[in-house]
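Both of the next two complexes hold chain A, though its partner changes from chain B to chain C.
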Partner chain A sequence: MYLLFVLLFPLLLGSFLLIAKPAKAFSLALGGSIVELIVAVLLLCQAKEATGVTEFIQPWIPEAGLKFALFIDGINGVLILLSTLLVPFIIGTTSNSEKSADARYLGLILTMQAAMLGAFMAKDAFLFYFFFEASLLPIYFIINLYGGENRNPISFKFFVYTLFGSLFLLIGLIYVYLRTPGEIPSADFETLYQTASILSIKEQSLLFLAFFVAFAIKMPMFPFHTWQPDTYTVAPAQGTMMLSGIMLKMGTYGVIRMIVPMFPVGIANWGGIVIILSVVGVLYGSIIAIQQKDMKRLLAYSSFAHVGLMSAGMLTLSPEGIQGALYQMLSHGINIVGLFFIVEVIERRTKTRELAQLGGITQSSYFLTVGLIVLSLGSVALPLTNGFVGEFLLLKSVFDYDITIGIIAGITIILGAVYTLRMIQKSIFGNASKVTSNFEDLTICEKLVIIPLSILVIVGGIVPSVILNYSQPAVDLLSKWIK
Partner chain B sequence: MSSALLIPLLPFIGFLINGLAFPKLPKQIAGVIGSIPPLAAFALSLQLFFNFDGNAQLIPIADWIQVGELSIPLALQIDQLSIMMLLIITGVGTLIHLYSSAYMSHDAGFGKFFAFLNLFVFFMLILVMGSGFVTLFIGWEGVGLCSYLLIGFWNQKNSYGDAARKAFIMNRIGDLGFLIGIFLIFQEFGTASYQEVFEAIKAGSGTNVGLIAFCLFIGAMGKSAQIPLFTWLPDAMAGPTPVSALIHAATMVTAGIYMVIRANTLFELSPEVLHFIGWIGLATAILGAAIGLFQNDIKKVLAYSTVSQLGYMFMGLGASAYTASFFHVMTHAFFKALLFLGAGSVIHAMSDEQDIRKMGGLKSKLPITYITFLLGTIAIAGIPPFAGFFSKDEILAHLYHHDMIMWSLAIVGSALTSFYMFRVFLVTFHGDFRGTEHQADHLHESPIAMTLPLIILAVLSVIGGFINLPAFVGGNEFLAHWLSPILPEGSAEALEVHVASLEFLAPLAAAFIPAIIAIQIYGSKKSVPVADAEISGVQKIIYDKFYIDEAYNFLFVKPVNFLSSFFYQFVDFLVIDLLVETVGKIVKSSSNEIRKIQAGTIGFYVFMMVVSIAIILAWTLKSWMF
Partner chain C sequence: MTPVIALSLFGIVNLFLGFSFKRQSLQVVTLLFIMVSMALTAMDWNHEYVWFGNMFKTNNLSINFSLIIQLAGLLVVAFSNGFGKDEVYTQPAEYYAILLFSLVGAILMVSFENLIMLFVGLEILSVAMYVLTGSDKRNLRSNEAALKYFLMGSFATGFLLFGIALIYGSTRSLYVAGIMYSLSHTAPESLPSFLYAGVILMAIGLLFKISAAPFHFWTPDVYEGAPTIFTMFMSTVVKTAGFAAIYHILDMMFGGLQKNWIIVVYFITVITLIIGNISAVYQQSAKRMLAFSSISHAGYMLLTVCANQPSTSSNILYYSLAYTLATAVSFAVIMVVADYQRGRNEQPESFNALNGLAKNNPDLAFAFTIAILSLAGIPLTAGFWGKFFVFNDMFNKNLTYPIIIAVLMSAVGIYYYFKGITSVYFNSGSIEKIHTPVLFKIALWFACISTLVLGIYPNLVKSIF
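So, the complex of A and B:
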């Protein structure tokens, strides 16, 4: 029953905030999201102890064989942890701003969290699809109602582009679903895996492409990414965090949950090209990030580069690649939310995100400096930070897949350092500028976000085994579909 | 818990305390908290040294990463090599911490400085104590981080920040090579722990050993500032001088040599790579020495000298003279730390002046610094019986038997070294004072916390050579015997050198003659290097470091920046996004067109209905008929 609670609690709380618009919205939302986190962690521990499978199944559309089925295994466990862990921080980042009193805004964040949790927990492919699409609505409103300049065309493009991609997923899904055995077809993942495994090579290849386009747009992957920098830049800070911290992981999760076990043959056919495209995206994004002037846009391209590596790693189908991608999803979520928050703090104080106008912040703000450096180190994958574990595993998987592609992908560790250190130097080192001369260090509320996230960066680099061991059995199970 | 675990742990605790308590902690306390960990670690290392029974000891810490077949444990390995490195790092480290407590006492970032210094010691210890290539890599990148933080310690100045970034990025280029080496090791052996890998190699497995060795060496080129990745080290002098002494002379930059010695089993099987290492070392040694000839910034001279001396160490490795190279790592740690700290003392006294043309005649005002710097100069020039003579001579002796061309060029480099070191020494301390009156009033010998490390290091620079005194002059070759268990067989065998041979006399001539010339020019005639504007011809090319930085800028930085704008402004906006937008526009405009059909004309609707029915009928008929 915990499962259902984890899904419904943020939904109900979010809807309550949206409809009733209570006065103490911030405390309610923050408290609620913390309760959600605690329950989710309990649930995850319980799921680990339990020998059987933790699931919740009710008929949904019995005529069509569709079930309202939720479950937890080692793979989505990591993502449930990610979603429930980040949302309290994201809500926390609204404190001291007018958004903290905005019940509608917080309600949208919580409902979006619920939708994404639904997608992660779904055991039925159509249920997954339902939540995958449903999560678009709250984020659309977050951007459209609270975004910056040009928010209307940009949110529209984002919405239509991702919706367009999902249609391929829907078509592909229906195709496999109709082929499932039995009088009434089923969309249970296990059944779909089985069905897909007997499809012809041609079918596998086409279906792989159809599924992949949907997830590639969501992540986004080169060359389907052009909605992303604009959207990340124009969305309000918390919207950007939700998008980059959690939402893009629905794309990578979809690849692991559906494409990897369903279409190994399709991957064998097309995976090479997609891996190359992913690696191209890694370098392309990193190189563009080098000269960005706006910190948010710089981080958007950096995030795009990181996702490319995850995508390449997963499609090698090796345990290192899949585990590395899973671990990187968690690390990337933590790091990017922290970094976007630091940009938000800087913007709140100085009213700008332009690197050219910043500098010298470190002299007056010790905590912000330490936070930015630690989170950046995670992002450039320094050993003993969380970013290293994922990047090491991913690069190793790509390297084992093909040495040349692996070496090219490895250039990311150089380029990552180039753009990240440039950002650090231009934003906080050097002499104070007009807007940064009276920069005030992090407030208590801001510290409560940055310090725990920074600690997680280090802890994640020292004891990755907690997470890796958690997901390992599920990854092993998945591997049996890959032959 | 094994006491060996405490050795890296203590500096880490020091880092945490000073890092968390900064800036509230008073400076005196911060200095003490910062200095105790390396001292305690030194004591523990000594204890390890004296209690060592000759068998390598593994201390497991944790299972770090375990995925599928891949297993990377965290563990420490205590053996002959790591113990020696421990003694150097914690020993020299302690002295430099002590020195820093006075040198940095006026700096607002005092506590932060000690935190970084401790963090550096922690990572450096992990680097040498780790039991496998991945653990080595943790330390390897970690010291790179500390180097970055400390070079950019005064990050208000943009050029310092640039130097710090350059160091980190150039190191990362090397690190990529190292990482690829690690991946190859995993592919070949399924593990990255030293013992398992080396045993597998000894058992004859491993087909790709040459490639692995090459990739690992790329890492060493970055970390140990060899051609072509050396240009970061001279810039790294932007950091406070104790940092230059500890990180950019005595310890971190020798990590590459440590790595090759550690993996000697692997390198021994790749003679081509060893050959390559030797020539890279030689080229770097000559280039560094040549540039050092005409530099006028006291720290820059020492920096190029470090580049050059590291080249000697790699030359030794290229000739499989592992003991000799390690010997030089050790003596170099003594005399180069001494020289840097001496330079720091001078800079301190001269109110942050670094240009030797504006110094002169400091010997009477800074007597301790003067004498210790002189001893360091003699040691590095290779004049017997000082430390540098024995270690460098051992490398040269091996080169003599390995490759005569390399040997002769190395002798040339040695002569250059002797000249530029006496030049910088004489111009700084002899002649007339050329500074401002303000500086003259402030001239003072440094406090005891700074001179004591100078004195200790000077003593070590004088007698340090006796640790591996060759048998033919009555020594017992302690270091060679100590290290022999981890080195290829036969490494401990002494080289026979005849006193009256070219082999023996040439290095002596290379040490003495340039020194005498330098004394003639800068001592007796009191010549002063000319001002920047008057430098011309070949000298200008050398003074401007052969324009290597400019070339890199042109070859790498500019193209990447160009690509960045090109991708962003052209490919992203004008190609990919335009395509996306066009698809959207086509949909929109075609829907605009199609919409016009629904104009509300009943007649048209009926007509379309009839046509459609006709088509459907025709289609059905067709399928009936065939």
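So, the complex of A and C:
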């Protein structure tokens, strides 16, 4: 029942905020999201102790064999933790802005959280698809109602692009689902794994492409990324955080949950090309990030580069790669939300995100400096930060797969350091410019967001074993299908 | 059969009530009439009856179709608001009576057992539609539309009749059962070749009614020229009845000859999908966009007819229901906004006229958005499951290329449907609060909430179809 609560609570709270527009929207949303986090953590602990998987299954469309089935295992547990952990911070970042009183905005964020949680918890592939698509609607409205200049065509491109991709997922899913054994087909993940493993090599390869296009667009992966920098830049700060912190992970999660166990043969056929594309994406994203002048855009490209490494690691099909990708999803979510928030804080005070106009903030705000440096180092994957663990595992898996690709991918750590340090240097060090001369120190609410996130970066780097042990059994179970 | 008689009587009664009743009370009375007739229809559930000298047969399938048709009629009457405030030039009693008569025609079309009955039903429906299309007598576009519809429609009826004649000639029967008997007891080699021509000609006559390409040229003009309320009726009732008839003829009667007609219908389906979706992209008028969207939806429904699976009938029913609810709501919102914009905006039915609707009319904007999402086939709405079931059928039949085209066209569909959402929510415009009557609101919310409920729990109706 906890499962159902975790799914429905943000949905109901969000719809309440959307419809009733209560006055104390901010405290309601923040309180609600913290309650959600506590319940989710309790649920995760419970699921771990129960050794098996925790499930909630109800018939949904019996004639078609579709079930309303939710479950938790080690893999989606990490993502549930991520989405419930980040949303309180994301809601917290609206404080001190006019958006904190906007019930509609907070309601959209919460409904989006519910949709994404639904996608992570789904045990039925079509339920996953249902939430996967449904999560697009709130973010479409968030961007379009609150976004920056030129939001209309950009959000439109984003919507059509991602929806177009997921239509391939839909037909691919239907194809496998209709081949499941039994009188009535079933879309349960386990059944789909079994069915997919007996398909012919040609079918597996084609299906792999159909599935992969959908997730590659969502992540986004080179060369399907063209929607991403614009969308991240134009979306309001919280929208960007939702997109990069959580929504992007739906793509990577989809790869782990569906492509890896279902089409190992397809990956064997196409995986080489896709891994090379991922690594190209990593390099491409990093090189473009180095040249960016706008901080938000820079972070958008850095996020693109990180995802490339994740997808390369996952598709090597090694348990380290999958573990690394899972851990990296968690740490990337935390880091990128923190970094986007710092950009937002700077933009609120200086009205600009241009690196050339910034500088000299170190003197005026101690916490912002430390926060930015810690979060950036996490993003660069310095040892003792959370980024290191994931990136290390990912690179190891790529090295094991092919040493040349591994070396090229390894360059990204250097490139990542270049663009991140350049950003730090230009934005906060140096002499104060015209716009930053009167930079106010962080308010208490802003500190309450940045400090815990920075602490999480360090904690994640020191004790990664908590999460890695949590996901280990499920990853082992998944590896069973890869043979 | 009782609903056929009841609706005919109610129609006549309605004409007399017109002398003494006010518009709004006529509307309420008509609503009650349709509800009574729906109840009468539902009473035959789980029974098979044959009437009128075996020419008319009711079973669960035909009852479901009749109920959807009458539901569409109910929504149209509820949205009609007594046909406006124009006291002199509108005759609500006549309109309501004609609507009831045309429902009779539609019910005959979904439960025919004899081809003559199909023809009679189609003509009752069509003649009523010709009249209603031209009912805005002072509007040149409306007159043009009526004439166009009439000329093209009678031409198509000619095709249908010719097809019936050829089929009669080759099977010596007009009864569905007789034709099927004759087909199953004749060796395929000894069937005359003009039988196949007959099947195709009949299909063409009906495909015209559901506006499949290349027989769609009348659709945009007629949809745009006709008063919006009748466009709503046309796009819901006529389409559902037409599909019931096509399913009955192609999949049930001539399902055995599928290899003979499938190429033609295949071709028509693909052309319909492409023309409907691509042309819709270029439309500036929301009403005209919906006309092309109705063409494209005919394409999706034809796909499941091509697949001809055991689940096809239930999928057509589900798709028709989802499409009916969504189309009715979107036309209703366009209608009230156009009423408001008439005089303020040069093109009251264009997308621009909808700009900024959400600001002062959040209810209308929300309902419109849900309807559009359903038409576009986004999850959470009934339209998604409609498409889902259709794709399922196609995969069962291994129709790979049409699937790819259908998927591409769905993506194109997002483009033009979202123009509506963009104008409603994100473009700035000045639309004051639009006051709508209570019945309008009830119908709007009923259709809107049904769309959502069916989108979340499709089994609610899928289990009875």
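Following the convention adopted for this analysis, the second predicted complex is superposed on the first by the 482 of 483 C-alpha atoms of A that agree within 3 Å, B and C clash if a C-alpha of one lies under 4 Å from a C-alpha of the other, contacts with A are read in each partner's own complex, and residues count from 1 in each chain.
As a convention for this text, a residue touches a chain if its C-beta (ideal position, glycine included) is under 8 Å from a C-beta of that chain, and two chains touch if they have at least 3 such contacts.
Please read these numbers as outputs of a predicted model, since none were measured by experiment.
**Student:** Looking at the superposed three-chain arrangement on chain A, would you call chain B and chain C a clash or a fit?
**Tutor:** Clash.
**Student:** Report for A:318: first if it touches chain B alone, second if chain C alone, otherwise both or neither.
**Tutor:** first
**Student:** Could you figure out whether chain B or chain C reaches more residues of chain A?
**Tutor:** Comparing chain B with chain C, the partner touching more chain A residues is B.
**Student:** Considering only the touch criterion stated at the top, classify A:141 as touching first (chain B), second (chain C), both, or neither.
**Tutor:** In the superposition, A:141 touches chain C alone.
**Student:** Considering only touches as defined above, state whether A:60 meets chain B (first), chain C (second), both or neither.
**Tutor:** A:60: touches chain C, not chain B.
**Student:** In the overlaid three-chain picture, which partner chain does A:125 touch, first (chain B) or second (chain C), both, or neither?
**Tutor:** In the superposed model, A:125 contacts neither chain B nor chain C.
**Student:** Classify the contacts of A:290 with the two partner chains as first (chain B alone), second (chain C alone), both, or neither.
**Tutor:** In the superposition, A:290 touches chain B alone.
**Student:** Looking at the overlay, what does A:160 touch: chain B (first), chain C (second), both, or neither?
**Tutor:** Touch status of A:160: both partners.
**Student:** Can A:362 be said to touch chain B (first), chain C (second), both, or neither?
**Tutor:** Only chain B; A:362 stays clear of chain C.
**Student:** After superposition on the shared chain, which partner residues are touched by A:168: those of chain B (first), chain C (second), both, or neither?
**Tutor:** The answer is second: A:168 touches chain C but not chain B.
**Student:** Of the candidate stretches 184-192, 436-444, 508-516 or 616-624, which in chain B collides with chain C after aligning the structures?
**Tutor:** 616-624
**Student:** Which chain A residues lie in the overlap of the chain B contact set and the chain C contact set?
**Tutor:** 160.
**Student:** Where on chain B does chain A make contact in their complex?
**Tutor:** Its residues touching chain A are 19, 22-23, 62-70, 137-138, 141-142, 145, 148, 152, 155-158, 161-162, 164-165, 168-169, 172-173, 175-176, 179-180, 183, 186-187, 560-561, 563-565, 567-568, 571-572, 576-577, 580, 584.
**Student:** List the residues on chain A that touch chain C in their complex, please.
**Tutor:** So the residues of chain A touching chain C come out as 59-64, 126, 129-131, 133-134, 136-137, 141, 144-145, 151-152, 156, 159-160, 163-164, 167-168, 170-171, 174-175, 178.
**Student:** Using the touch definition from the top, list the residues of chain A that touch chain B in their complex.
**Tutor:** Touching chain B: residues 157, 160-161, 223, 225-227, 229, 284, 287-288, 290-292, 318-320, 323-324, 360, 362-363, 366, 370, 377, 382-384, 389, 392-393, 395-396, 399-400, 406-407, 410-411, 413-414, 417-418, 421-422, 425, 429-431, 463-465, 468-469, 472, 475 of chain A.
**Student:** Could you please specify the touching residues of chain C with respect to chain A in the complex?
**Tutor:** 373, 378-380, 384, 388-389, 391-392, 395-396, 403, 407, 410-411, 414-415, 418, 422, 425-426, 457-459, 462-463
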